[in-house]
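Common to both upcoming complexes is chain A, partnered first by chain B, then by chain C.
Let's turn to the complex of A and B:
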């Protein structure tokens, strides 16, 4: 039988990564001075399972590495060694190292990394330092020095099991037949000694009173015989000796046992429970995300069909079909519930994303010599899996920033009258169909004057703009490309390329981010995210005969264009004076080359939308309803289209395109033969 | 063909062991810790062989063996522990608890099937 073990690799990788996460959080939880044995056991088990699995599935590098890790953990677990902070650090590094090794194994490029061999050496040094003796003992009576190259051997074996052998599930008959299977010659004789069997009244049916003498020959090695009795050797008397085939038996009792030894008749009582079924209570099943997405898609279609029927139900004469309306509203409710349940399949608790932070905060605060406590609230708040994956990196960046720039050094804090230990709080909660994530620190807060002067230095704003900017706008400056408040580049927060990317990533998820800060008291960054990416809150708009959808989050405001506020710039560009700002104007009809109702800018309806911090006024013909729409990918079903991020099907069966503000601007710029940036910067210059 | 209960907290090991045993014509039931295994045993009533890992959360393999030996229907059932070579004392503890024997990890599917054949 040959089984392809690679079919189990994926499961092994998944469970090992889960095990490592578990190990990491247990290590974080561990208080070295009062090490909790349950936590140590959890850590040991994770390492142990990974070692077992990697050895079984032939990832030797991983099993070798985990072996030293496990050995040290085993000694700690047995109380032979006290766990120290250095051990914990080493174990944490090993977690990272193992994650790396696993990813290499996944790519079929497993090899010993420098990290792994360096860590392994450190573990070996600890283990050799004052190694508590661990020896494997083997008890077998005599014979271990017997060696022979002779292909045919004759062996005499005396096997005297303990009385309670049967109660360990071992069975003389099975042992003897295993032994027989080794022998390939005719010489296989068994003599059963029944002299110890008591009279019937004293007979314990569960005890084994027999002993056996066996003579077997053939191409049998000593170790092979030994391994047959491996499981019973500790509590049995076993003598294995070489015999010469000619030598007569020196066995006392000549009674030859047949294969039906009476004492073995005590067989396992087999009783069947009626209707009892084996229940392997696995509460989770693993399902491919594509299957779930297909289901979500189908339900999306169902929602569309349902809303089509709802619209048609108005045409049905309720007198003729009295219960039609009732049925339709029931269908509507059921579809909505179905949709919610299906969406929930993709939801994961945010702890999946949050659980990396205790480690991050610990490592970074140690590196920066800061004293920081991390509080996490709302870990069970659920979020779409894709959203979760994409928000991970931005969150890490924001937390790193809070540690690096937010929290002050302990001395500085004491001077400011604050406790030396800084606090960073991560919060997650649901509110109004959105998920909110808040990162709060009690550090020094953002200094508006520094932000402004820096922004002026970098040419992001003018001095006159600086005078009129609201707090909100000032804080928002840190999200501008090329803006960094760190005086020196550190390897913790990087070089200021991050915050604009953070904002972009959050926007790409149809989310938003804002900052509140108080100088000397700390800052709070709030991220608002949609519950799911499959559904979008949309604003329906009309241009000519076409209906388009703006994501609601991108809309700032809508207004009627007043010609007095519109200025014409060189190159046919128009800008609108929106209070203190100049906003470039583009007409959707022009961009998509379709006939729109209004030809004059005066009195036209303008939707002010925002992307990456820039505002653009988009001229449309009419604002229609706001509704939730199910997003259909154009790329998957057709191809990528400039200016459009996806499509949806409306209640009446019509297809409407969902607009992508950023690419509309670049489309418009291309048509006008100008750079997107210059469109906006010219608006800035106009001010 | 025998009915084998496979107890291991590692899903990949369970799957591998089950697959190997099924390929050899046995039927298997899986449990992810000792407690679940014990529940299954008391529901099913009879099982031909139990293969159990030692280190598991909730209830470890040695406690499982002790409990099973206390149940009349499992007093003589062969129970093999899946142990690693480094845990010599676990073998002794397992034996003391009433385990029939052990299979040393790592093992190949072939080794598993031939060892299982020794007790069935």
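Let's turn to the complex of A and C:
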């Protein structure tokens, strides 16, 4: 029987990466002076399952590497060795190294990296060099010793599986018969212990009540026996011991077959057992995102059907069907709750994204010789998974900036009358249908004068502009492409690419970012993000017979267009004088080639919308309701449409298109240019 | 619904291959401008009455807009306009045939508007006559072949070629009356 193991590779990679994350956060939590056994167990378990998985899938480099890691961890766990700060550093480095190895394995180009072999040597040096006690080192080689010295041997094996072994898909009989296949001589005795089988009424037909004692002999290596039990060893008591044929059933020198520590003392199997069991069993299930999206779609449909029914319920004579109205209102409530819970499936606590920062701050501050403390608040704030994935990198960048540019060196801090330890605070909270993430540092803050002179140097603004700029605008300068105030480029930050990318990424998520800063007291960067990308706050508008939706975030204001404030530019373009600035006007009816109610610009309704810092006035016929809409893709079955970012389904089941301001503007200028060219060419012909 | 008269709507190339060997395909026929057309019934997802579609700005004339098919947004295309057969008022028998179109990258769902749905028939591939060469390779590639059913010619369309993005023919300017 051969199974294509590669189909499980993806799951292995995901689980291993999760395991590494867990390991990393546990390492950060670990207090070296009072090492908590639970935390060390967590670290050990992660390493152990990665090792097990990689061995199964034949990623030898990974399993070899994790093996030494695990050996050291095991000694620490058993109290044979005290954990030191050096160990923690080494473990953290190996987490990085393993991540790298895993990504190599994912690309099918797994090989021993320099890092890996260097780290492996360090681990081996620790293990061999100052060995804590003689037994520890001898234990590691114990299994192999047995194997090499006595190839033809007699083994006593006690196999006591856990009750739920059968539920995990393991079959005792199969294990026993494969064990039998190993044994080539005729000595193969099995005794089954049935003493645990309860009386019939208490019998759980799916539980395994048996345990076995096996004696087999032949040319069998210790590892071979161990590998038979590989899948059940975590949950079972397995004792493999050598028995001399003359001395039947002696349990001398028994060993618990833990994959990594073959020489575990028999007296501690229960403790071992506890440690090996994953503590968060069955708290999560892995579901494909497409299934979730399908579910969200279906519920969206249900909401529409439900609202249709509610509308129809007015027509039903309540005297004839007295409980109809009651049922309808119950349906409404249930549907709403269902929709909310389905939406929450996609939501994850932001701690998934915040978890990487303790490590980042620790490493970076050590590198820069700064003393920095990181506070994290609100890590249980929930956020859509897609948003979270996309906000990760911008956040890293902002935190790195805060460490590199924000927090001063300890001496400078003391001089400025501040405690030498700098504080960076990460905050996340919900407010009004948005998620806010704040990064606060108590560093030197932004210097407006330096920002301004830098911007003038780079030609981003003129000197006269600089005089009239508000604080907000000045701080906003750091988001300009090619702007970096760091005097020297370090490998941490200061290349001047980054902040503009940060802003772009946040905008792409239809979020916003702003900076508050006080010179000498630090800066606060606030990121505002939508809860989810699947839902949008929309303003419904009407042009002729068509209903369109503007994303509410893009709308600045709406007003009646007054002909006195409209002037004509070349090429048929018009501008509107909005207080002290000129805003180009375009008519949605014209751009989309549809019949609209208004023909004259005077008195028409204009919505002023904003896109990447520019404002534009869009003439529409009517403003309708504001509502949350579910974004659906047009590209899935059709294609991208200029001026439209997606579509949604309104309460009556009709489709409405969601407008994309930026592409409407480019559509408009394209049309105008073509018109302009044809005008020009006809004028040329006429002359 | 029994298994025998409801062929599975999803299809694999292997199935197709087998059917081509055994050579009895089922086709759904519909009428546009008195002419009968047929499509492979396995591509047909459902048939629904014409309902107002939301127009797409600046779309070609034959793309009538998008409709909501149980939460999925699909475009509807008027084959009449597409083939340059003029426009008519949509009536009670005007239907939208929802088709699953296979593409190299992904499957798409598209609705086509036709005058009326006609019939379902089986056809041996031996009875399929190749489309006559009219000197225009593009157009012919959309036609799988011609068949004679009850002394009437049926044009069998190759919808995967016909409705693939970018290659939907727009003959509306011809306006053959």
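By definition in this document, the second predicted complex is superposed on the first by the 394 of 687 C-alpha atoms of A that agree within 3 Å, B and C clash if a C-alpha of one lies under 4 Å from a C-alpha of the other, contacts with A are read in each partner's own complex, and residues count from 1 in each chain.
Methods note: a contact is a pair of C-beta atoms (placed from the backbone, for glycine too) under 8 Å apart; a residue touches a chain by one contact, two chains touch by 3 or more.
Quick caveat: nothing in here was measured; it's all calculated off a predicted structure.
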First (chain B), second (chain C), both or neither touched by A:48: first
Which superposed partner A:40 touches (first chain B, second chain C, both, neither): neither
Chain B versus chain C as contact partner of A:658, first or second or both or neither: neither
Comparing the two partners chain B and chain C, which touches a greater set of residues in chain A: B
Partner chain(s) touched by A:647 [first = chain B, second = chain C, both, neither]: second
First (chain B), second (chain C), both or neither touched by A:57: first
Which superposed partner A:167 touches (first chain B, second chain C, both, neither): first
Contact footprint of chain A on chain C as seen in their complex: 52-59, 63, 65-68, 70-75, 106, 108-110, 165
Touching residues on chain A, where the partner in the complex is chain C: 297-298, 300-301, 546, 591-594, 632-634, 636-639, 641-644, 647, 649, 653-657, 667
Contacting residues of chain A [partner chain B, same complex]: 1-3, 5, 7-9, 11-12, 14-15, 42, 44-45, 48-49, 51-53, 55-57, 63, 67, 70-71, 74, 136-137, 166-171, 174, 178, 206, 228, 230-231, 234-235, 266-273, 276-282
Chain B residues touching chain A - in the complex, by the definition given at the top: 9-13, 15-16, 19-20, 23-24, 29-32, 36, 39-40, 43-46, 53, 55-57, 69, 72-79, 82, 84-88, 92, 95, 98-102, 105-107, 109-110, 113, 118-119
